[in-house]
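Chains here go by letter, A, B, C, D and E, matching the order in which they are written, and residues are numbered from 1 within each.
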Amino acid sequence: MKLRNGILGLALGLLMGGVSYSAFADDASTFVYADAGEPSTIDPAKANVNWEFTVTRNIYDRLVDFDLDDPSKLLPALATEWKQDGKVWTFKLRDGVTFHDGTAFDANDVKATLDRLLKIGQGQSYLVDDIASVTVVDPKTVKIETKAPTVFLASNLSRIEMLSDEDIAKHKDDLGQAWFNENANGTGPYEFVSWTRGTQIELKRNDKWWGKFPEKPFDRVLDRFVTDGANRARGLEGGEFDLANFVPLDEALRIGTSSGFHLVEGNNLWAWPAIYLNMDLAPTNNKDFREALVKAFDYNAMVQSFQGKAEVGRGPVPSWFPGSPEKEEVEIKTDLDGAKAALAKSGLANAKMKCSVPAGFPEFRFAATVLQSSAQQLGVTVEIEEQPFVEAITAIKSDRSNCFVLGNANLSPSDATKFFSAHYLKGGFYNSGKFFDQTLQDLVAKLPTISDAAERGKLLKQAADIVVNSHYIIWTARPKTVVPEPDRIGGYRIDPAEYINARFWEMYSK
Amino acid sequence: MSISTQPTRRTIARPKGVLLPLALLVLVILAAFTLLPGLIAPHDPIALAMADRLKPPSLTHIFGTDEGGRDVFSRIVYGTRYSLGVAIAIVFASALFGVIYGAVSGMARQGIDNLMMRIVDLFFGFPALVLALAVAASIGRGLDSVALSLAIIWWPGYARLVRGEVLRLRERPHVEAARALGVSEMTILRRHIIPFVVQEVNVRVTTDIGYALVAVTALSFLGLGANSPTPEWGLLIRDSRPYFGSAWWYLVFPGTMIMLTATAFSLIGDALASRRAA
Amino acid sequence: MVIAFLLKRLVWGLVVLIAVAVITFFLSRVVPADPAAFLAGQNASEETVQRIRVEHGLDRPLPEQFASYMIGLAKGDLGESIRTRRSVSTDLKQYLPATLELLIVSFVLYLAVSFSLAVLAARRPGGAVDGAIRLVTMVGTGIPVFWLGMTLQFFFFYKLHWLPLGARFPIRETAPPVVSGFLLVDSLLAGSLSAFLASLKHLTLPAATIVVNLLAVGTRLSRAALIQEQSRLYVRTARGKGLSPNRILFKHILRNALSPILTATTMQFGYMISWVILVEVIFDWPGIGLYAYQSFQVFDYSPVIALAIVSTAGFVIINLVMDLLYPVIDPRVQSVGS
Amino acid sequence: MILSVRDFAIGFQREGQNLVAVDGISFDVAEGETFVIIGESGSGKSLTGMSIAGLQPPTAFVSGSIRFKDREMLKRPDAELRKLRGPEIGLIYQDPLSSLNPVWPVGDQIAETLTAHGLASRAEARKRAVEMLERVRIPDPRRVASAYPHEISGGMRQRAMIAMALAAGPSLLIADEPTTALDVTIKAQMLELLAELKRELSLTIILITHDMGVVAEVADRILVLYAGRIAEVGPADAIMLQPSHPYTAALMTSAMISQTPAKQDLNAIVGGAPGLGAFPAGCRFHPRCPRAQDDCKVIEPPRRKFGSVELACHHPIEAAMPLETARS
Amino acid sequence: MALLELDAVSKTFSQRRGGRAVQAVAGVSLTVGKGETLGLVGESGCGKSTLARLALKLVDVTDGRVRFDGVDVTGFASRRMLPIRRRLQAVFQDPLASLNARMTIAEVMREPFDTHGVKLGAELETRIRELLSFVGLENIDIRKLPGQFSGGQLQRIAIARALALEPEIIVADEPTSALDPSIQAQIVNLMLQIQRKRGISYLIISHDLDVIGHVADRIAVMYLGIIIEQGTADAIMQRPLHPYTQALLSAAPTLAARRQVGWKRIMLTGDPPNPADVPSGCRFHPRCHLARDICREKVPPLRATPGTSQMVACHLAPDETAQAGAEVGRARRGLAVAS
């Protein structure tokens, strides 16, 4: 009896539901992006990692934009004009911009956003932590005063998303942290639709966006969370995804050169396997020992593992970065004899050391493997431990490990000091090996205040030399980023600071 | 109710066609891999040879090479010691502990027996992999912690098996006869109970080695086990993941090796079981 | 009698759950990692990190953290996930149906397949069919579950394009409105047969992976139970009554073999819960396994403990149900639990 | 003749060897008689009994012929044999507890004999089951019908087994050691019941046993099996009171404990019965036979008529020997 | 003095998980004298095997005392029992099961010596051979395992082992019932021969009245945990006084019965009752054809009957039972029933 009722109900449901719901709407204008992870938050004040930026960058706008091909060149965005006058920067805002909820964008939004960001102190706040105060001059003018004169403020603001002051006010109890974690209301090209936990975030195109879409843009974007790199590659190749990030290099090259795909190549900072050596823990606290490691390292193996799509780094600031002194740096080469001599000088023959590698990045693991193999030639034993990121960085910071492999994460398009702040300054989060040099500290503090580019270049070189000569870091390789893009779509450009971060508003179908 | 008066000849289990010999052959090969990897492996399992990076199977590299140009076959050969060695260590350690625990519980007074079995029940209530994950994560990564965490979830099976057998055997007439003879409890356990238990345990151990191997490689695959560049089989599969589409051999051979090994042990365990039944 | 038994089992289940909570709590806190660092982000200052630690109570002494966790637990609060920045209960509500759907489908499939194979094998023990089934299932169990998953993906998605790579529903399509959280049910409720079939298609590979891995043990145990029952004297009696082999199998042997099979099956469910983590990772299946695994990657404790508790609770419940089922199946088991 | 067995042989293949368990035996069973097959374990008595109902182990090979009511039973497809078991041939066994399905009520199992053969509807069969239980003298048959086997006593179980075997009205009942596992007092009840049922239902009974007391009580004719061959077959009185075959004689005398003065040695047969595959040449009994001579070791004794019995012995006990003197 | 004495022993088994406790043995007193054979007979479930275990101290009594050669051994721990065990040996029902299947016959045979610290050194094998030939196994291969011998041979081996330490008494629990009829007689004879040669005492437990009647000097009949009749073998076999004993004797089919014409056996109705559910009054009353009110109400004590050597626990014996008993005894011996 019960069974019969159940079947009846089911049949009824089929009949009635059949009218109201259809799963298979033919939707060609959907863009599926396979992202390497699921955001922990989509609050621009907290966004930390690529898959969070994927969402924030497309929903929100920034005051200024920059040219992906020449990061030193800034472009107008929400601000149409800006100028620096010592410690004070003035921004003129664009007219007629509205948030997705219909409210207008004005100077109050800028002030509320920056105040909130600095108060929370997470995410990208380090880019603007030299701001002293923000003042609304009039609805279309905002004045920002910094603690010391800084030439980089505008370029750093090219990474700061603008929220609505109404939203912030509405949720002011916790600075809107709970609300912004999973809700979004920006002025940007795409509008937040929904977040299906564990699966995807859906966006839809904002018709009223002030900017310009290409022809045949995508109306609907699905940001899929596909944590497994092989699955991202497989899905991209099989046509389930339109684009994927962090595709393993070998797979990217193979897919990109197969029919129906083309390769997009570019510079970036992210996949930059640098080996940080612990300055506090023996044996890597010995400078000669570090030198031995740096000289013994088989750079060629790294370049080969990147199938030639890489060069050897010479310092902390990549050569293509605005103002980089890299070209003037000495090329780093494998020098086994020099390494042996340095090791002899250190008196640490047969030393043992441990290396922590954040799991999930084959390039990082391989860099450690090369170090191990190179060190073996010196008689030095390297034990590799591959761990989740948090565990790995905790290990070196608490002196349980001698080295740590990491990429770079300077989000600013032209402010080279940000390379230093996180990695080489005291207390910097990524200063995992606890490097400290007072001269460098002073130099980095001084750099933004100098408006003469040539002068800045000189000081930058000086800072770079300090890092290089300390042998704190082994720059194993500086690979190019290679992204396979299906021929059916176009518009993808590599953001040098963020590995691969699709600007959905530039993407189009062919 | 008459008992059989016909002489029951001990019959050795008939090998199931060619499978058992094949399984034994796999075992011999594995033993050779474990004991003499240097003689069998044509290449160094660790040293990098970038020129040979990700080469498909050929005469020089019968299983192809990995992303460091290392010979996959040689890595598998050297890896036997890690993967199978750890699996065997886990099973032996848990069997040893489980047998002692189960025997003590089975011979103990009811109250103690109850308490001891409750503890075992507790372990059975846990989802195994979750516990292993938590243990391995908290005592740090590495094959030794994988071994420890798996042994922790593995021994209760033996304890329960052995206790059950001991309880069953304790009631058997030959044990009662020995008791009537005045044989001490320790001797009864040693001479009249354990030999029968061991038979059961042998079968279980053999089959379990295969399962333990799969479990070890699973934890390695999740990143809790061996560290690069240890050529542990599960880690090989983990490492091969980024080259899934470009280097099938890198994925296929270590997996096949695990499968062959586990199946061989299962087959042999089966043969042992049917021999016991005969 | 039954009530007393139920009560006893429930109390024991509670003991197990508390033990699991205690053990996983302490195990997870021993991990030398700082989840606050994850929250704070790349360039946060040490002060920010410290502030987050305080906010999440991570700075407090372990016994204190434990006490507040257990108090929360007693109120049904599983804590807060650092990674998702939501309460774990909310997350579980989201992820559990996916896992349950996968588990149930796999389990039913596993029962059906292993039982059919066992019947085939037990028909002529030691025969060619028996041998072949044994070998195939044995190989199935010898295949590491993650490797099998990848291999299936390789063939059925990559090479043949028959089945999807992973996930629960076609990406570009709109999933049916959530009612039960089970896509199979929801798509039927929404009246879409195509959605139902699509969800089924997505279930195929993950479920097959789990089933193939468990098959050997299940088939072997069912086969052993069937063979053992076949040699029982009541079977001779049934033959003496002139019953057909099918009638003997289905009316006599089956019901007798059911309890050992059920026992074995219950044990298998424990393994299934374990394998589900691996399978969800491989197939991007948005269930609690993947959820816990990803949380585990950033040392987000609460979801891991929650997974342990939830799966243990599942296991306890299944055991309980089985205990209640035995007397129904086998009248000899009168007082449950004896 | 309700049953006629000719040159029946049954054996097994073991390790490439053919092991013959029953080696070319012939006998007839007349309608309405109680025919007893006696033998020790390994003599092949149960195999013979089961083969009559077509229930020999599937791995066994058979030869010869077994004709039941003019139907050849050997080499007949199982589907046809099945139609005979129940309506034509009933079977009961040694261990009633394990011979009943533990998970079905007793009544349902009895009724199944009828429904499976399409002899009655489900309800009808259930009614008949209760009647059958009444027939086998079970007090309160209704309660027993709905009880599970473990809920009733050993004696009741064996009665229920008998009810089940007879439910479809067979003319032949094969009883394989039906009393062996039972207590003395129950055994007596069962023998009495069988005798009564035989009269009431005009059954032919083939009883397989090694219990001489049971034989003495019920047998009309006796077949003595030794190591797969017939030692002696004939009327019960002749065989029990004046055994001609040394084996039969020895069996009888060794079972006559109550006739032996207390504490005196019993008349025992030396040695033990040979197992399958270890049957001696010549007369299979010769290693244990006190009368054995050289010819017994090599020549297999042919079967011959000897008084009212047929026997296979080179040197039978000639004189009609009263039991007391058969003791040496 | 009695060699083995059970003084009002009881054994209650408590069942796990709140099941009802079962009193398997309820206040049984028995003695076995030197050189004497006591036969204990009863149906399955009457507690006779439990009694054997109590006598062997394999289980502890719930109540009562066990004495060996005058020594109260009731509370003896296993170490203190060791010297007693040397004098008190056991033989069990299933010889194959009661020998360790993984020990060779040689190992089986040396176990008593090892256990009791008897060091024979080189003589060990000779001694084992002697023992085996004593039980009629001259030329067996003692390096074989029990599985390679027949049941009869194994029971001989078990007996040889029991004899190894020259015990004074052997407790034999159903020593013949697992064997084929032709082998049973052999074992009975062997046990009788051993007694004649060694003057050993036996406590033989069996359900087979024929065997018990043949080998025992005295017989005790057990029903539902108690002794209901006890006396010399002759008396019990020829003139049983308890209706149950009579029924037992009468029910057992024998060869001799075939020759009795017009003889009607005493048929018991019903099944042996469940030890967990003991009837009131006389335990036998629900199955007794003579039962009356007193039987239902009053427990009959085990008492001596005037003019006989028997003890019987029946309200109606001997007056109402003596004649029937004599008839049963005569019928059993194959003598014509006086009608």
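Simple rule for what comes next: contacts are C-beta pairs under 8 Å (C-beta built on N, C-alpha and C of every residue); 3 or more make two chains touch, one makes a residue touch a chain.
Predicted, not measured: the structure shown is a model, and the values here were computed from it.
The minimum number of touch steps linking chain B to chain E comes to 1.
Chains A-C form the pair with the most C-beta pairs in contact.
Centres computed as Cα averages put chain C at a distance of 56 Å from chain E. The geometric centre of chain A is 44 Å away from that of chain B, both derived from CA atoms. Per-chain Cα centroids separate chain D from chain E by 30 Å.
For the pair chain B and chain C, the distance between mean C-alpha positions equals 23 Å.
Across the assembly, chain C contributes 31-32, 150, 158, 281, 296 as residues in contact with two or more other chains. Taken residue by residue, chain A touches two or more other chains at 228, 230, 234, 237, 359, 388, whereas all remaining positions touch fewer. Residue numbers of chain D whose C-beta contacts span two or more other chains: 40-41, 210, 272-273, 275.
Only residues 43-44, 150-153, 180-186, 188-189, 192-193, 207, 209-211, 213-215, 233-234, 237, 247-248, 250-259, 265, 267-272, 332-334 of chain E touch chain D when the two sit together in their complex.
Chain C meets chain B in the complex at residues 12-13, 15-16, 19-20, 23-24, 27-32, 131, 134-135, 138-139, 141-147, 150-151, 154, 158, 216, 270-271, 273-275, 277-278, 281, 292-293, 296, 304, 307-308, 311-312, 315-316. Contacts from chain D toward chain E in the complex involve residues 40-41, 153-156, 183-189, 191-192, 210-214, 216-217, 237, 240-241, 250-252, 254-260, 262-270, 272-273, 275, 323.
Residues 228-230, 233-234, 237, 248, 250-251, 254-255, 298, 300-301, 304-305, 357, 359, 362, 365-366, 368-370, 372-373, 383-388 of chain A touch chain B in their complex.
By the touch criterion stated above, chain B contacts chain C in their complex at residues 16-17, 19, 121-122, 124-131, 133-135, 137-140, 210-211, 214, 217-218, 221-222, 234, 237, 241, 244-245, 248, 251-252, 254-255, 258-263, 266-267, 270.
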